[in-house]
Amino acid sequence: MSAFFAIENLGMRFGGLTAVNDFSMEVQEGSIHALIGPNGAGKSTVFNCISRFCDPQKGSIRFGGRDLLELRAHQIVAAGIGRTFQNLELLRRMTVLENVLIGQTIHVPRYLPFAPSPRRARAEAAALRDSEAILEETNLSAYRDTLAGELDFGHQKLLDLARALAGKPRLLLLDEPAAGLRNREISFVDQLLLKLAKSRGLTIMLVEHVMPLVMSVADRITVLSFGQKIAEGSPAEIRRHPKVIEAYLGSEAHA
Amino acid sequence: MYGSLRASEFVGVLAILVAGFALPFMLPEYFLYTGNMLMTYAVLAIGLDLLIGWSGQFAFAHIAFFGIGIYGTAILESRLGVPYLLSALASALIAGGAGLLIGFPAARLKTVYLALATYAFAECAQWVFRTWDPVTGGSDGLRFNPPVIFGYETGTDGAAFPVVAIILALVVTATLYLAKSKLGRHMCAIRDSEHVASASGIDVRGIKVATFAISAVFASIAGSAYTLFQSFINADVLGASQLVTVLTMVVIGGSSSIAGVLLGVVVVGFLPEILRAMPHSLLVWQEFIYGAILVAAIVFMPQGLWGLFRQRIAARPRRHDRSARESPAVRPVPETSP
Amino acid sequence: MILQATLSGIVMGCVYALIALSLVIIYKSTDVVNFAAGEFVMIAGYLGLLLLDHFGLNYPLMVVLTVTLMFAFGALFERTALNKIVGFKYAAEAALVPMVVATIGLSFMLKGAVRVIPSTEEVLRLPPLFSGPPVFFANIVLQRQDIGIVIVAVLVMIALTLGFNFTAIGKALRATSQNPRAAALIGIPVKRMRMMAWGLASGLAGISGILLSPKLLMTPDMGNVVMLGIAASIVGGFTSLVGCVIGGIVLGVVQNLIGIFVSPQAIAVTPFFIIMLVLVMRPNGLFGEAMRLKKV
Amino acid sequence: MSKRASKRRFTACAVTTAIVALTATASMTPARAEDPGITDNEILIGMFGPLSGPLIAYGIDPVQAAKMLYEEANKKGGIHGRKIRLIVEDDKCSPNDIVSVVKKFVTIDKVFMLHGGSCTAAVSAAADYINREKIPYAMLNAAGDNAVFPPTRYVFGSFQGTQRAYAAAFATFGAQFLKAKRAAVIVHDDEYGKANAAMARATFEKFGVEVVIIERIPPNISDLTAPMLKIREAKPDVILSGAYPAPAVLIAQKYAEFGMTAIPLLQAAQGIPTPSVFAKNVANPEALENFYYTWAFNDIGDAAVRTKYIDLFKSYNNGREPGPFMMSGIPSAVAVLAALDAAGRDLTREGFVNAMEKLNLKFDAMPGPLEFGPKRRDGARTMVIIKYDGKTQKVMPGTYTWDGKEAN
């Protein structure tokens, strides 16, 4: 039996710089799997390889019975993988509702763009309904017609998540969902992740620097350093792992 | 947003049509000619805005497709006797095909590289128009007959005016529908963030290529409209300066909005007519003034004239904004560097 | 004949390279393509002629003054117009269109301002910096000015390459472009750096203007030569100073060979064809650094 | 983009359109007089030329020169008791602008006739409209080959010669006076160059001269090495150039640099606006050892003519020295005045056109007559050839007149 999601021997170089070297990991269905490591460890590169923003030189990424490396970036969400962005990539000049509508892209049937038609009306009505439901769920309904760029930071993070959820993924990649948030907000994200994983049956892969969040929500943790996996295990195991303490916690936990 | 056109949006299109049929009875030919030119520019600018303002692709090849529209329609109609509408359609298809062809390599390029590659294409196209004597008449230019559409002859500005107005109205309507469609939103998404777009399942390259093709078709339609009231084409009018004029219209009016673009067309289009009427001692400053207006507009009106206008409307509080402020789900935090 | 054409091509190539260098300095440090670079060259030429003929300065003094004035002018334009565009009004990436349009606007202003002066109706020519009888190698002729242009182009290229790579200011300039926010955080005065870059590029345009005006002749429209500079830098990769010079030379030689073997009619379109070809085949040019992957 | 705002945009747009329409309507009177622009004491003429933009040098002074001749006529009491009133506008030499200006003159200002235009492509763009509306039109100083061949009733042009006339004069001079056997032609790849090259070839061939090479160069060329090398390879014994000012200098420089100075170089007039400036730009006396150019006026050979027009110009322009192309504004105005006079007091557009058609005018400024006919719309066909060595200009003996036979 193959794993729900598996990365095998992934290798990615930019010019002379090796970002990820011979990296393998597996994610169990329904789990929250965190990927941690110091800055520049290659976490974002792994995410970008999964989203197909970059082409790894070797390895494979298997999900749902096929190799994601055979797909192009826009086919990834249809394969069942959604993602959020670390640096708040939003459609800043579009409204909150439009952002979520974009997230729904693959679930809206095709129609001719230049003309009114019953098919168009049906497709649009359904998309609108679904998007509004997602806004309701993420507490963003009040901002429906606000431009995303005009939202405050916290709401922008939330919108990023709402947009990713709109694609109805089975695996959700979260790139530093707590970055820039305050403690109280982090606990909100904390709750939200657990709720989502449960209610939607989501598998979540998480890159995060905020250790308390990682330790409280993750079922399993993989540690990357200089593009290589140095440890993997449950939060408790990782906390005790000597290499991790040396490479990561050692430098940052005390800072 | 999704939905069909609202009544108020129809009013705009209707106004164009009413003006198109009424004005020829009221205005002298000079105004009609200027009007025809402006409407042609409007179609051209709306098409360019699809690329620049909507899908965020800074591409300059537009004027080449305009040329394809003019030469295509003129040659098919005048020399080969193909009916006007068919010639226009064929030119639009040729331009669309060329747009696809350009679109594929262009979709790989970004920012200035895209701008330069497409600009180079436009220059190459102009060179072809100017040197391909047997087809385009080369540097002597090409004379063509006024088209006849179902027995209606369009030779004069007055006769052409309603037809050009219909063309503009159709293009505006199509663009309004496009704005509300899935494709239209996808273009905007690509403009705002290609990463979000492709992570949301939008085929970024596909949409870019499609935008190129649609924009090329619009430009070709503008070219076909041009043949309705002009009877002579020379490659000189397909050069960089015309391109800059159209770009200026889009930027000064306000990109990614049809009304902004139309406003820009009217303002920038009338500017030379106004400058021309200046006292002759000031006339030599024309080019300088034009440039100064351009720089000043960019510096002081980053959203264009339309943006300026909208800001004044937006200064009044909007209902949903107020309700939003009362129920924050997450408290605002200052942005910190990760 | 081919040898003569090639040598002339190399000289013209260095002319293009000088303009390309000015473009690349600005692009490297502020991410803007200065479409008015050609007009800067034109202005410098006229300025030089004005100082020489009207104010009766001697040649070396004229060169110094022209370059200084051009430096000030470039810095001023950056300060008054571009800085406002880069500022808070536009998002970082959306600034490209307005910036390009602003430089196009500037090119109109400069052209227009020069045209106002009645004597510019005529084609004018600045006396060459290096004068004297031409130099003969067998049956190949070269003007002294031409040899001067090649030497200056190569010297400028070497000086700039060293400057960008080994001096504090050069490094700061590069950092400013690659990540303005980070540069600001580590204490680089980003605004002043942008001004510096524009000043430097304009000063270089000043040198180019003095060298090129005798060769290209001065009209208010001579700024159109900027497209050749752009083509040269595209071939060179737009970020590489050495690439620029090689790109210019390739372009100059190809133009002349096309003039001989195809048709002089095709000379004008050659640079554009080359731009298209290079960008389609190798989007980073022949010597460009790989495009930076934006962090997401 | 907020779509909610977009409907508001459209309402606003509609309102604006309506307002523009209404204001415009209010100011218009569609009634059309039989022949507009003439009253008992006035003739209204719409005049245009490039008063701004790259081609300003071809427009400003010629327009001033024509203006001053009309003023002079007015001072003498006008034409049959009518004073001439001018409206002058800028056409930038752009085809779109010229059509716009012409339509403005005809439908808003309601002029009697049009006088203007300095660029061939631009006047060609307006020719259809002019003929359709039956407005008499005299070009200012455009060579206008494409607008006068084939001739149309209402368009009169080429008052200082067509490219055909230049080329014919040169080729005749080359064959007869210089006894050339092998000719090289270098022209631009535009409509000017095309007409020039075709006529040069036809005329040379008529005299049994072999045209060994025709090089067509872009007007914005910056390196003349390739075409000049090719010309040198072809071993001509006369070189005919139809280049514009900047390329003309570059051609002369390369010509000297490549040691071709033994071969006579013939340059058409458009390339040397002011001979002294040209010589200064070339900066190589050797290049002008064997140098000739065409000229359509008498002012070089005849000092009296020169002073007459220059002094007149200065008196109208606060003592300003005229620019290079001033003389080219003279003949068209002289012709228009003569035709207005000939058409008599009962002036109509048709009457004026008939008078223009019958014109055969000899006057001091030109070596040959300005002449039109039922099948002829190009005015000047006679040229003189000037030899210029960088210091003095010498008019070569004889005049050279194109016989009007078309090149094929």
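A, B, C and D are the chain letters, set down in written order, and residue numbers restart from 1 in every chain.
The rule we apply is simple: a residue touches a chain if its C-beta (ideal position, glycine included) is under 8 Å from a C-beta of that chain, and two chains touch if they have at least 3 such contacts.
Model, not experiment: these values are computed from the prediction.
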Maximum centroid distance from chain C, chain identifier (CA atoms): A
Chain closest to the middle, measuring from C-alpha centroids that were averaged per chain: B
Euclidean distance of C-alpha centroids - chain B vs chain C, Å: 31
Rounded Å distance, chain A centre to chain D centre (Cα mean): 70
Distance between chain centroids, defined by C-alpha means - chain B, chain D (Å): 35
Multi-chain contact residues (two or more partners), chain D: 1, 4, 52-53, 56, 189
Residues of chain B whose C-beta touches two or more other chains: 1, 131, 188, 195, 256, 284, 286-287
Shared interface positions of chain A, touching two or more other chains: 53, 85-87, 89, 92-95, 145
Residues of chain B that touch chain D when the two form their complex: 1, 6, 8-9, 11-16, 19, 22-23, 26-31, 33-34, 37, 130-131, 138-141, 143, 155-157, 176, 179-180, 188, 230-232, 234, 236-237, 256-260, 262-263, 266, 272-273, 276-277, 280, 283-284, 286-287, 306, 309-310, 313
Complex contacts: residues of chain B adjacent to chain C: 52, 56, 58, 105, 108-113, 115-117, 119-121, 123-124, 127, 131, 195, 244, 247-248, 251, 255, 284-295, 298-299, 302, 337
Chain B residues touching chain A - in the complex, by the definition given at the top: 1-5, 174, 177-178, 181-186, 188-189, 191-193, 195-204, 206, 256, 320-321, 323-324, 326-336, 338
Complex contacts: residues of chain D adjacent to chain C: 52-54, 56-57, 60, 189, 215-218, 220-223, 225-227, 229-230, 232-233, 245-246, 249-250, 257-259, 273-274, 277, 280-281, 283, 320, 323-324
In the complex, chain C residues that touch chain B: 27, 33, 81, 84-85, 89-90, 93-94, 96-98, 100-102, 104-113, 115-116, 181, 185, 227, 230-231, 234, 238, 265, 268-269, 271-273, 275-276, 279-280, 283, 291, 294, 296
